[in-house]
Structures are given as structure tokens and as C-alpha cells.
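Two complexes follow with chain A in common, the first pairing it with chain B and the second with chain C.
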Partner chain A sequence: MLPIYHIDIMINGILMGAIYALIAVGLNLIYGVSRILNLAHGDLLMLGGVVTYLAYNFLGQTPLIALIVIIPLFLLIGGLINISVIKPLMKFGPERSAATSVIVTLGLSFIIVDLVLFGSAQAGISTFGVSYMLPSLRILDIYLSTVRLLSLLSILLITIILRLFITRTFLGKKIRALSQNREAALALGVDESRVSAITFGLGSALAAIAGVFIIMITATQATIGMTLTFKALIIIILGGMGSFFGAVIGGLLLGLAESYTMLYLGGEWIPVIGVIILFIVLMIRPRGLFGRES
Partner chain B sequence: MIVLLCIVPLFVTSYILRVIFITLVFITFTVSYNIVGGYLGYVNLGHGAFFALGAYTFVILVTKLRMPIPPSILMGAVVATAFAGLVSYPLFRLRGAYFSIASWGLIILLNQLAVNLDWLTGGVWGVQLPIPSAEASVPAYYGAISIMLLAIAVSYSIYKAKFGLALFGIREDERVAANFGVNPFKYKCLSMMVSAFFAGLIGAVYIFNIGVISPSTVLSIDVSLAPVVMVLVGGVGTLSGPVLGAAILTIVQEILWTKTEYFHMLTYGVILVLVGLFMPGGLVRSRKLRRILRWKEV
Partner chain C sequence: MLKISELNVAYDSIRVLWDVSLEIEEGKIVALLGPNGAGKSTLLKSVMGLVPLISGSIEFEGKIVNKLHPSRITEMGISYVPEGRGIFPYMTVRENLELGAMSKRSRKLMQENLRTCFELFPILREREKQLAGTLSGGEMQMLAIARGLMAAPRLLMVDEASLGLAPIVVIKLFGVLREINARGVTILLVEQNVLQALDVAHKAYVLESGKILLEGDTVSLRGHEHIKKAYLGL
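Let's turn to the complex of A and B:
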């Protein structure tokens, strides 16, 4: 296979990887601050995709414009979820709440998925896709998909903004403080429930953004949520728990691995490669590549 | 009660027999889940994978290798147990919610394999067993009774014995338990294998009765996650909790779900959220209920 053809696969892989990285970073943020792994995270992504779908098909808005609506919307939704469902959990104390949070977020996941399933069944649709086309770019002899490149650039931009947010702003520092050392942060006066709610919103918004991009690339169904949450987990473990950079690298690696799997083995094996990677990492280096709090 | 169960097939219609059978299956399934999910405290979302493995192994052995039924059922349990043992190594490197999500990966994995390896598993369409359902239902029923009783007996003996104590210790505080001489991995792995054994066993028997297997029947979300919900409703980590939860929910399912095909997952979800927030101990542990029924907790 000529290297030129590889570029297309690599771009695909990197793009998927970047999307996965967004999901993973969002989940990681939430976990770092509240010690809760939101099993409904992938479903929020799916919801982001659904909103984009609706916006595109019924309002004629381009997906990238939809982002402007989606970001604040999901910031709000995430915050609401946190306040209504997660906060009561925290009463039980960090240990108990971790176990119950699995149950509760799982339940949330079911509710979201079933509502979407119901809605889509009523509307007669089983998969959502947004076929947003822009003219292709031509470099040398290859045609590159403009949409994908744009998406990649957007995600890059978002990641940079996020990174700046976390390192430069006061809120970002509070988030990091809570993630690194909860007691010390509390002692220094960080309002845990407020930061937690905001972070939940932030993480959810990131997931929804990822959903926007995913729906532009592939057709999605209501049920992809759990699988994607699982992939986010793979990335977090691969990259190392608590590491922002690790999540990004992990995401890119997974995306590339999937892309090459699609090439050599066929698309059906993609979920399997994720599981295999997960198990290999767990057996060989459970800490992940860059494990330790960021 | 047991005697009652045994003579039931003589009197009821085959529909009711099947409902009772499914209840028994889910009770066993939930009791087996409880060993890891309840006693050990690790929410194993992938428990359904053991059930499915038992079922698929059984089907493959019977259809492809033409093995007789009873050894095939046993092999289903053996394969599930071996798989559990193998998979313990990577899975138990994780704790808490990480473990839960990773264990869900087992279901994703099996689902994918079942669909992809269609020369073995019949792919998405599945395989039909060459056994007429009418012939299978009575022996399957008795098989289910005995397996359920065995599972409950094993669950009880674990509960009372040192093994159970070790599991509880790990659940409450793993490091402290380790300090007291409990080898965490050994107990985690063993408990997972025991729970997988019964899941695989009952999975095979279930499919023996149903007669048809496909990824959507054994690897669907409502089957795989049913034990989690049932144990939660009944009482996590108790002895009678899973039995109660499974019995109640299966019957509720039978009644509700035949009315509408939507909102199955929604119901589960709402139950999960409500029970998680307000009654995380489950029905068995609820003091109000106990006062009403004057029932001692087991």
C-alpha cells in the first residue's frame, strides 16, 4: 500500500482519535473532581448528536453552527444532572457514593437511551446521520475531506482552549486542585459542590461536542452511548488515569488503531480491538502511559 | 415451597410453566451475580457475558458437535468459569466504577464475537436448536429448579463461611482486609469463577428451553443488566435479596412488558435511579418494610 493512501486512513484515525480524546477528557474531568464515573457520558454524546441532527434536518443549521447552541445547552444539562442526581449521592460519603453512582448513572443512561429510542421509533428513524458536505480539497493526488479537516481543526482548537482554561483561569485551577488533593482544596476554601456541578457541565458539553463531530462522520444510533463510554474508559486507562495529556494521546492511539483495524480486518472488529487493547494495558502496565494525577 | 414447585408442571399451562421457568432462571442468574456484585461489592456489569457464554457453548456443542444435552450444559458452565478466571486477571486490576465499565466490555466483546464469528455462532440471526420446545420444557424446568437450589445453597454457604467473610472484608475496605491476611486477588478471582459457573449453567438450561439463541436474546442490555437491577431492588449483598428482587421483577416484567414494547429500558433506568438514591439497600434491608412484615434480615 502506497504511503499516500495511508494518509487518508491516518487522517480518519486521528480524527476519530481526537473525538475519542474529547470524550475521555470530559469523563476524566468529571471523575477527577467528583470521583464519579458518569456511565451516562456516552449517552450525552449521543444526545449532542441528536440535537445536531435535529438542527440540521429541521432547521437547516450547519453542524458547526449547532455547536454554538450545544455548548451552553449541555453545560446546563450537565450541571442539572449533577445537582439533581449526583449531589444527593455525595451525602453517602466518597466510598458508598462511588458504588451507588454506578447504579444511578447507569439508570440515567437507560432513561436517556430509551427516550431517544422511543422518539426515533415514533419518527420512524433508526439511525441518525448528518450528511454535511463541503467540496473536497485536493493536495498532490489525494482528495481530502474538507469536513474532516475542519472537524480536526475545530477539535484542536477546542482542546487548546480547554487546556488554557484549566491552566490559566481560577476556576480551572480549582478544578485541578480538587482533582489532585480533595482535602487540601476543601481546606483552602474551594466550593466543592459548585465546582463539581460546573465540571459536570463542562464534561458533558465536551461529550456533546464530540457527538456533533461523530454524527457528521458516521451514522449513529441511540445505543452507541455505552460503547463510547467504554471506549472513553479504554483511553483513560491507556493514557493513564488523571492525565489530560494521557487522555489525548490515548485517544489518538485508539483512533489510529481502529482505523488500521478497519483497513486490515474490517469494520466489525473495531470494538474487539478496543477490548484487546484494554486488557493488554491492564495486564502489562495498569498505570497507563502517563498515569498519575495531572 | 420446593415441593410445590416440583409438582407444578402437572397442573399448569405451558405458558405459566415458562413464566415460572424464566423466574427460576433469573433468580439463579441474580443469585450468582450477587456473589460478586453484592458480597464482593464489585458491580460486575459483564455478568451477562457468563450467562451468554454458557448458552452459546451449549448450543455450539449440541449443534456442531452433536454432544448430548447434559454434558453440554455442564461444559457451558465450565467454559464460563474458565473465561471468568482468565478475565479476572486484567479486570481486577481496576476498582469501583472503572471495573464496572471495563466489565461491560466483556459484553461488548462477546456481542461482537457472536456477530462476527458467524460460522460458529450463527451471527446476528443465531442458531435454532433441533429440539422441539415441548419436549425440552419439562426437563429444563426441573433442571432449573435444581440449579437454582444449588446456587442458593452455595450462596448461603459462602455467606456463612470464611469465604464470604473474606468477600465482605474486601468489599468494605480492601486494604484493611489484605492486612488481615486476605489475599484479595485470590478471593476476587474465585468468587467471580463461582458466580460465572452458575451463570453459565443456568444460561445453558435457559437456552435449552427457549430453543433459539442469538445475540439479541442473550446479550441484549435487558438480559445482561437484569441481575444488577434485580439485586438492587431486592437487597445487595444479602442472601434473600437477590431471590426476592429477581422474583418480583421477573413477574413485573412479564406483566408490564407484554403490554408495550417500549420503555423497557426506561423502567429499569427509573428503578435504578430511584432505588439508588432512596433505597440503596434494597427491599430486604428496608426497615419500614421489615417492621410491617416483622421479618428478620437474612
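Let's turn to the complex of A and C:
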């Protein structure tokens, strides 16, 4: 039998993977609908973490309460970003706006990070952490972190709700229609700017939700966003562009891989393991694990 | 019903349509013929509000529609079946059909229109839960047309319905279009399959290099020298 610490490593890996999945699913949704690569995605996550930090340390609210505020807040923020920054690019057509959006969202990323850096320097804060603890759960001889299990459960629930929203509601169908065949969707009268704004809001909310869970695991800094954006990118290419399940499986895979890399190879290998997996997968399946033919 | 006057359209600086005027009477099937790149699809897209106009006007049932958003145009009763069977491959046949009912008006009529679609294309009922991407070419085209009908249109514009389909499927498809027309839907048909189109349509326009070259009822056009030589190979 495996040593007991394996259970810990596995749970950590799955939790981190579930968080990665949230980030990647959001990025993938936005990319699918608008063909926009949002490089500020990870920074919205960081903002979600900062809001959680503020709510916990200054208002005494638990992270799960913060979540209830964060979801509508970031739906709104994402929608506003889409309307003010992304929408003006769309009139150049999807090919050109894809390239310009990279520059624009990179700029947005810098602005968000610098604002948070500036604000936290003024307040004398360098890292954001939430020391939210609950009594551990004991099953046989194994102690499990209640916070982590609760997080895992919440993420599972959020993913299921999201999936139902996308597959069952008319708005969700419009989102899928736009990502599968934009021309046809427009011809049917799908209101692209409205659906794009909602999708951007949804993706941003997912990123912010991920931020809530990350800050419960580890203290974060204003600059973590870009690393996570790139990890999300690796995951959606790994899982297959445009595939919901691809993003979920890709996220879990990366989370577990990182967790075991930490154990067997050491922490310095964590940043490269994703790229190595991506390299191997693309050699065998160029369109990713669950990628669709275009 | 639909009146297009002196329409001019360009993509960037390349002019596609030059002073195109066209009129469609209610209850008719009108064919728009012409070679590749003549601007036929562009004409349909401009009616749907999908491409910007330089000048000209498009009237539908007496109302100017050329400044309206595509969703408003669908709501008014124009439906567009794009070229290349623009279906949503990773959604079921049923979901594709539901997406055709975009306007409030058509969503209320959804059940009724679904029934009509399945009546016209029984194969779609069999394939209801299948992913649209797994259909055959002919079935995809049927789905695209059925989806167009889900909008409860008074004018149905079909772009190149016969493209890449076996002759027997084309004959079947045109038969259904005739049936749809008999049920009171006016049809604008863009076609390269000239023989079939002249057969099914009441009136036809010939568009070449962005200009209307010929127009008239299909009986007289069939005897026209240019049509015979350039399109029918006689």
C-alpha cells in the first residue's frame, strides 16, 4: 500500500488541478466566443484573491462568503472590460482583433498589477494571505483538511452548474453556437456583442473564483497572474482548444503532475513540468487530448 | 415584399455590388443566378445586415431595414440559410433547430415550427439527438434549411443549397423548397445549379461581376441566348 502522505499529495494535486481547471475553462470560454486571448486572465484571478483577503482581514468575512460577492462583482467587471476595451477591437474583424487583443490585454494586465502593487505598497502589504482554518477531518488514521475538501466540493459544484448553464440554457447555447460557427450564429441573429460581454464576465468570474481558492491554500502576490495565465494556456492547448472537458481534464492533469513533481523531482521542476507534458501530448495528438477538428 | 434599390457594397476597397436593384413579390420563388464571385452571397448578407453598405436601400414589407441589426431583421421575418451548411457541429440536431428560433416571436412558435420541420424533413426527427457534425452532407443542408424555418420567416433566403450534393438529394431538396413555398413562405434562392433553379423558381435574376445582367420570368429566361450559352451549355 502507498504511504499515507500520498493521500495528502493526491488531494493537494487534485485541488490545485481543480483550480487550474476553473482558470482554464474561463479562458477557453472567452477564447471560444471572441477569439480573444485574454492575457489579463490570471490578474483577474489575483484580484479575486485580493478581494477575499480584504474581506477576510478587514471585514472578518470567510472566503466562502466573499465568494458570493465576488461572483456577481467579477461578472460585472469582466462585462465592463469587454465593452470598454475588447469590443472596440472587434470591428476590425476576428483575424485582426485576435492579434491586437494580445497587446491590449497585456496592457490591461500591467495596469491591474501596477494598481495592486501601488495600493499594497501604500498600505505596507507585500503578500496577500488568508489564514482560514477549520478543524481537520479524521477518517481512520488519516487527517484531512476540511478547508481543502470544502474547496474541492465547491469547485465541483461550480463546474457542474457552469456545465448545466452552457448546455441547457438558451444563452449557453448561443455561447456554444458563437464558438462553433460564428458566421452561422450571426446569420441567425445572435447578438454577438451582448453574448461576448456576458462570456467575458463569466470567464472573469471563474478566474476570480479560482483566486478565492488559491489564496486559501497559499499566500499570493500581485504578480502571480501572468504565471497562471500561461498555465491556463498550457492547459487549454493540452486539453484541446474549445473543449470544456479538455480544460477540466487538462487542469487536473497539471495539478497532479505538479504535486508529484514536487515530491519526486523537487520544487524547481514545477514550472517546466506543464511544458514537458504539453510537448509530449502535442507530439502524439497535435490537437490536444479532446481537441476538435476545425 | 423585398425591394433592393441601387445597392452598392464593398469589402475594404474592393467593390462587390454595383447599383444592384431587385424586387421580390410575396409568395414567389426567386432565383439569383451567376458565376462564382459575382456577389450573390454578398447580396444576401447585405439584406441580413451582415455587411456594411456604401449606398442604396433595402426595404422589407415597406420598411427600410438596411440600418438594422441582424437580430432585428430575423425578428421582422427574414431568415438566411448561409452557404456551406453553417451548422453547429458539436450540438445536437435539436439544439441546432432551437437556435433557429432566436426572436421572441419565433420562440413562442417553437413547438409548432419543430413539428413543421420534422414533417418536411422526417430524417431530422430520427436524428434529433445526434450531433449535427455526424450528419451526411444532404442531411446537414436539410438541417440548415429547417433551422432557417424555425425563425418563422416570411422570406427565406437560401444560399447554394445544392452545393456538393448528389443529384437525387438536390431534387428532393428543391421539392421541399417548393413545399415550403406552397405553405406561404417567399423564397430567394442563390444557385449555381441553373437548370434546377430555373425549374423551381418563378422569376430569376442573373448577377455577373456585381451587376444585374438579366432579369425576368424563368420561362423566358430559359430561352435567352446568354443563359443558354453561358449557363446551360446549349
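Rule of thumb we're sticking to: the second predicted complex is superposed on the first by the 287 of 294 C-alpha atoms of A that agree within 3 Å, B and C clash if a C-alpha of one lies under 4 Å from a C-alpha of the other, contacts with A are read in each partner's own complex, and residues count from 1 in each chain.
FYI, a residue touches a chain if its C-beta (ideal position, glycine included) is under 8 Å from a C-beta of that chain, and two chains touch if they have at least 3 such contacts.
Predicted, not measured: the structure shown is a model, and the values here were computed from it.
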*Clash or fit: chain B and chain C on chain A?*
fit
*From the CA centre of chain A, what is the angle out to the CA centres of chain B and chain C, nearest 10°?*
90
*Now for A:D191: first (chain B), second (chain C), both, or neither, which partner does it touch?*
second
*After superposition on the shared chain, which partner residues are touched by A:N12: those of chain B (first), chain C (second), both, or neither?*
neither
*Broader residue contact with chain A after superposition on the shared chain, chain B or chain C*: B
*In the superposed arrangement, does A:P286 touch chain B (first), chain C (second), both or neither?*
first
*In the superposed arrangement, which partner chain does A:V272 touch: chain B (first), chain C (second), both, or neither?*
first
*With the two complexes superposed on chain A, say which partner A:V102 touches: chain B (first), chain C (second), both, or neither.*
first
*Of the two partner chains, chain B (first) and chain C (second), which one does A:S259 touch, if any: first, second, both, or neither?*
neither
*Minimum Cα separation, chain C to chain B, after superposition on A (Å)*: 15
*For the complex, which residues does chain A have touching chain C?*
170, 173-174, 176-177, 180-181, 183-191, 292
*Residues of chain A that touch chain B when the two form their complex*: 31, 36-37, 39, 85, 88-89, 92, 96, 98-104, 106-115, 117-118, 121, 223, 226-227, 229-230, 233-234, 237, 241, 268-269, 271-272, 274-275, 278-279, 282-283, 286
*asked:* Under the stated contact criterion, what part of chain B meets chain A in this complex?
replied: 41, 43, 45, 87, 89-91, 93-94, 96-98, 100-102, 104-106, 108-109, 111-113, 115-116, 221, 225, 228, 232, 262-266, 268-277, 280
_Using the touch definition from the top, list the residues of chain C that touch chain A in their complex._
48, 50, 69-75, 80-82, 86-91, 95, 98-100, 102-103, 147, 151
